[in-house]
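Input: one structure, supplied below.
Note that the chains are named A, B, C and D in the order they appear, and that numbering of residues resets to 1 at the start of each chain.
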Amino acid sequence: MTSVLVKDLTLKFGALTVLDNLNIDIPEGEFLVLLGASGCGKSTLLNCIAGLLDVSDGEIHINDRNVTWEEPSGRGIGMVFQSYALYPQMTVEGNLSFGLKNARMGKAEIKKRVARAAEILQIEPLLHRKPAALSGGQRQRVAIGRALVRDVDVFLFDEPLSNLDAKLRADLRVEIKRLHHNLKNTMIYVTHDQVEAMTLADRIAIMKGGIIQQLDTPTEIYNRPRNKYVAGFIGSPEINFFEGLIEQDAFSTGGERFSLAGYAFRGAATAGPAWLGIRPEHILSGSAAKNLPVTNEVTVDIVEPMGSDTLAWATLAGVPLRIRMDGQAAVSTGDRILIGFDPSRASLFDKTTEERL
Amino acid sequence: MADAITPRGPKPRRRFSRANVMLYGTLIVIAAYYALPLYVMIVTSLKGMPEIRIGNIFAPPVEVTYQPWVKAWSEACTGINCEGLSRGFWNSVQILIPSVILSIAIASVNGYALANWKFKGSEVFFTILIVGAFIPYQVMLYPLVIILRELGLYGSIWGLVLVHTVFGMPILTLLFRNYFTSVPEELFKAARVDGAGFWGIYFRIMLPMSLPIFVVAIILQVTGIWNDFLFGVIYTKPADYPMTVQLNNIVNSVQGVKEYNVNMAATLLTGLVPLIIYFASGKLFVRGIAAGAVKG
Amino acid sequence: MSSSQSSSRKPSGLFRNLSAKIASVPMVLTALVVFVGGTAWTVLYSFTSSKLLPKLNFVGLDQYERLWGTRRWLISIENLAVYGFFSMIFTLVIGFTLAALLDRKIRGENVFRTIFLYPFALSFVVTGLAWQWILNPDLGVQNVVRSLGWESFTFNPLNDPDIVIYGILIAGLWQGTGLIMVIMLAGLRGIDEDIWKAARVDGIGTVKTYLRVIIPMMRPVFVTALVLIASGIIKIYDLVVAQTNGGPGIASEVPAKYVINYMFRAQNLGQGFAASTMMLVSVIIILIPWAYLEFGGKKRG
Amino acid sequence: MRKFSKLMASAALCTASMAHAGELEVTHWWTSGGEAAAVAEFAEAFDATGNTWVDGAIAGSGGTARPIIISRILGGDPMGATQLNHGRQAEELIEAGLMTDLTELAEAEGWKDLVNPSSLLDACTFEGRIYCVPVNIHSAQWIWLSHGAFEKAGLPVPANWNEFVAAAPKLEEAGITPLAMGQQGWQQNLAFGTLTLAIAGVDAWRKVSVERDVDTAKGPEYAAVFEAVAKARELARDSNVQDWNLATNLVITDQAGGQIMGDWAQGEFQMAGQVAGEDYTCLPGLGVNEILDTGGDAFYFPVIDDEATKEAQMALASTLIAPETQVAFNLKKGSLPVRGDIDLSAANDCMQKGLNILAAGNVLPSGDMNLTADTQTQIEDLMAEFWTSDMSAADGQARYADIIASAE
């Protein structure tokens, strides 16, 4: 049963098209993440689904019900905002029960639901405190609780963690994942942080300029990016790009020729100008690189040790190359090292359309 | 069971939905209540007396005459001397300019000193000033009469200028202090490191940055001083009466029948200067007052 | 200022930022001489029987006994209470409603705001006169409505002693609500947009959101508005002089006018000072603990 | 007290108004049509002496003007000369040494024997020295009746208050307001004073206003007075004009039957070209008790340390009391001259009546002479409240008695 269906959704602010004919089908219980740089339209899409913005065209269905013209409260959705948007003058309990009281729900029922939400989110001790007396993480949990108590079908998160410090963000990320696991509700989560996207999402929608670049599972997006933009956006440290030419199963660039043996073309193998992308973590060095189809000798320009692993910078075919090595690898500037990669891990994009080949 | 129209695209909002009608309705009615007096005054000030007596005051003038304005400006009499409001106007201007300059200069320095150069007791004086802003003027009227008499300023324009400076100081100082405290601290520290002194920082750094708050202060003081009646009546003699006091005299000293058109023209003339400033400064007037008041 | 000891140690407090102190001399003088000195002087002389000239012949509380025995003073206090109460409530209600209406992103917001605020730029004398004419029976509303056919229509507040204060209230509201609307609008615009979205998601109606969420959040703005309105009410003088000059009879007298009349017209300074001290007491009871909490106490801003 | 006033005097001296020689700023509150014309006579006469009259008219009746004049004198910025109602008002100013002593000029020009009645000059004397020049005699005890109004109602012009009250219902039928009354405290107080003299009589009036005997104030005579005032309030119910000359205008234009107002109302009638006896009638003492009070206006001369100004002050003092000026001024003003030795043949019928009563000597000092400004203000407030509310005559009388009890 489809939980949320977005059909031919378009939104225009005057002449500017913010969302361009989007179609998304989110099954029951899925955790979909809308990922993209700021201004790509992800928050706007979320607000459209929530009903806070009137769409210019297209329909929105929740639980197979056409809610395009419904008020947000009539759509069975709960929303958690980046600024938490808690009612500052009310206690935590007040915040949780305000929506229910307004819907004239029985006192006992309200009490039960608030208790359940407080127990799930471990905020029982905070019930009588005012938002001002809570930490960022606690406030976020109360914001989630506000949707929880209303037994909504769909949870909408609008960059909920971006106001928190790194450590708290990691803790809360895990909590949200556990929450999703327990509740099995459909969740739509907007963020610009790819780590959150990769860790939380069942599927990710990479967005740019109001258009969905790719809607797929994290591993699919990571390994087979649909276009150059997605490849460049996902993965940290960033993917290496080489501009060159494909000539029967080889790729020549800046004086180097890489074999393309084993590369799974989507369609028929083609030739012509293209981009080759290879992720730093897919480049092996030293002995492991020996029997790889593509190998080269390079000099290490800079070394960036990061504890768990080390990032080495070199130059290949006139282009700076990022190589990720094991944290303990003994490498220093000036070393000549052997590196190589398996073409099947690489990605090829058409020069002009930047679409995956 | 496809319903007649499947909801698609933006929710059809009826142009005259009940909420919209109610919203714009109340706004228009209230706007009429607010605009009514100005409209009545303008309309009546352009009518001849006969037309006023028989017609109703809301009807636009049948034959427009500017005679009431001319009379109000140069001929309306209080007792024997009939110079109209012009003398009051120039008196008000003579009172206004020194008062505005003096009160803003002192208040801005106060605010600046309070914001950045706190010295022992400076907060005490500031608190007294703020508490002073709420003390009704009546309590300090007579002592000021004595102070001005000792300074030999009583009854002169400069006496009134001093009174306006004194009574304008609390609110203005508060405004400037709030503004200067919102100036980033680092800017002030950097200037100190560069060796700038109290006045150096004030003139070269603080002043250039504080144009918006100066405009607000000017707007507040100009409307406040121009519209003052209480101090004008007590601290000046008839020859120096500001426009508001003279307006009250003209409208109240009656030669035979009350000339409403001249009186309304005179009232409009008195209100002209603050109105022009208000319409000219528009948004700034609003933003400034809100900033000063809300933050205060 | 304490006299500075020999400056072996670092220079004593007196000389540290000398120029700041010199620059603050006018403020200090005003605060001490005018505000503190003036008030003390008036309160002191309110216990004397000074007539035309201040004389220090003390008469204890006689002036106050006479004050509270004078019918005109009792009417003034009653008027101030009525005017103050209604002016406070209506200014806040109308001010907030207008601000809320304007905050709804409507067309023509600037035009409406300009219309609502222009009266604030006008003086009380102009306001008083304008409303004197509009409420005048032979010229204003009553005459117009009668000319429209409703012969028996009578609307003559300024000549009816019982309701003249409401005539002044209409003019006072006309002049005062604009500023409060502006302050409320600034407060409303300061509220984080997400709060509105959260309320919509929770299914809370617009009006209820205003009452239960937005207004509690705007407590500081309301406090500032209350303080501004209250200080305006206490000082009301020009509006009454221009609109009714205390008439009909003494029905629309106000404390401030009582003070001025008794100090200058009746040449009885003692009585005038007693009345102005009473005004000071009323301010102290209502305003100063409040204002101190807002401005003096926790210094925000 | 002495030290303080010395300080005040010195302050006055050092900031004398910067008028040049011969120029004198004269403040007064004669701003209505008739009054302004009369003042012009003074100005003309004074200019004729080579000095120049700088007019300082202050609008808004004595109540508004007096405080302004006094605070200017106290504030050390005195005017050359000023009108004041002689009596207690200027007492403290004289005590503080701020008023010029005119005794030499008075003795040189023999004011003592030419001012009639002598009580006028007594009001100007303080501890034996003369400080002001009385310029006219105003009496308040008049009622002005419009012939036109009574003709319209088909009634003869009444000869006294009781006839006037009897004629009132008929007037109302003809759509005429019986009694025109301005909405200001001092006018209502004047009507009260007039009714007191007419109904309670001089003895009761003197006991209360001069000796401040509270029992008489509570007595039957004053009860009758307050009944009459309540009746008068009834008659003036729907005349909601403010200024006195607007009320007089109602009488001139036959919209009102009559008005109780001092003899300065005559100025308005003259300005409107009406003739006493034909268009309007004046009844002194409301035609019941022909007694006039001899209040009136006088000019004081604040002390100014400038020889030329002092000379101009003396010149103005003698001009004001000169016979020709007295005649010209009083004719226009409608008041009686202070000099007994001039004949006012040109005076109209009402002024003749006043002169006869004056000559007959049944006159008495005005309220200003013996009640302090403070008490006067309280009585005015009481009257303002009485006339605009439905306070009963008895309550009014009780409140009046309290004020008299507390007056010093």
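Here is the rule we go by: a residue touches a chain if its C-beta (ideal position, glycine included) is under 8 Å from a C-beta of that chain, and two chains touch if they have at least 3 such contacts.
All figures in this text were calculated on a predicted structure; none of them were measured in a lab.
Common neighbours of chain A and chain B (chains touching each): C.
Looking at chain A and chain D, the chains in contact with each of them are B, C. Taking each chain's centre as the mean of its C-alpha atoms, the one that lies farthest from the centre of chain B is A. Just to note, of B-C and C-D, the chains joined by more C-beta pairs in contact are B-C. Rounded to whole angstrom units, the spacing between the C-alpha centres of chain B and chain C is 15. With centres defined as mean CA coordinates, chain D is found 41 Å away from chain B. For the pair chain A and chain C, the distance between C-alpha centroids works out to 57 Å. Touching of two or more other chains is recorded for residues 68, 71, 74, 242 of chain D.
Contact of a single residue of chain A with at least two other chains is seen at no position.
The multi-chain contact residues of chain B, meaning those touching 2 or more other chains, are 234, 252. Contact between chains, using the touch rule, shows up for A-B, A-C, B-C, B-D, C-D. For chain D in complex with chain B, the residues that touch the partner chain are 11, 14-15, 27-33, 36, 39-40, 43, 55-60, 68, 71-72, 74-77, 242-243, 245-246, 249.
On the side of chain D, the complex with chain C involves touching residues 1, 4-5, 8, 63-64, 66-68, 70-71, 74, 89, 92-93, 96, 183-185, 240, 242, 372-374, 376-378, 381-382, 384-389, 399, 406.
Across the complex, chain B meets chain D through its residues 77-81, 145, 148-150, 152, 154-156, 233-234, 237-239, 249-250, 252-258. Listing the residues of chain C that touch chain D in their complex gives 51-55, 66, 70-72, 75, 137, 159, 161, 246-251, 261-262, 264-268, 271. Residues of chain A touching chain B in their complex: 54-59, 66-69.
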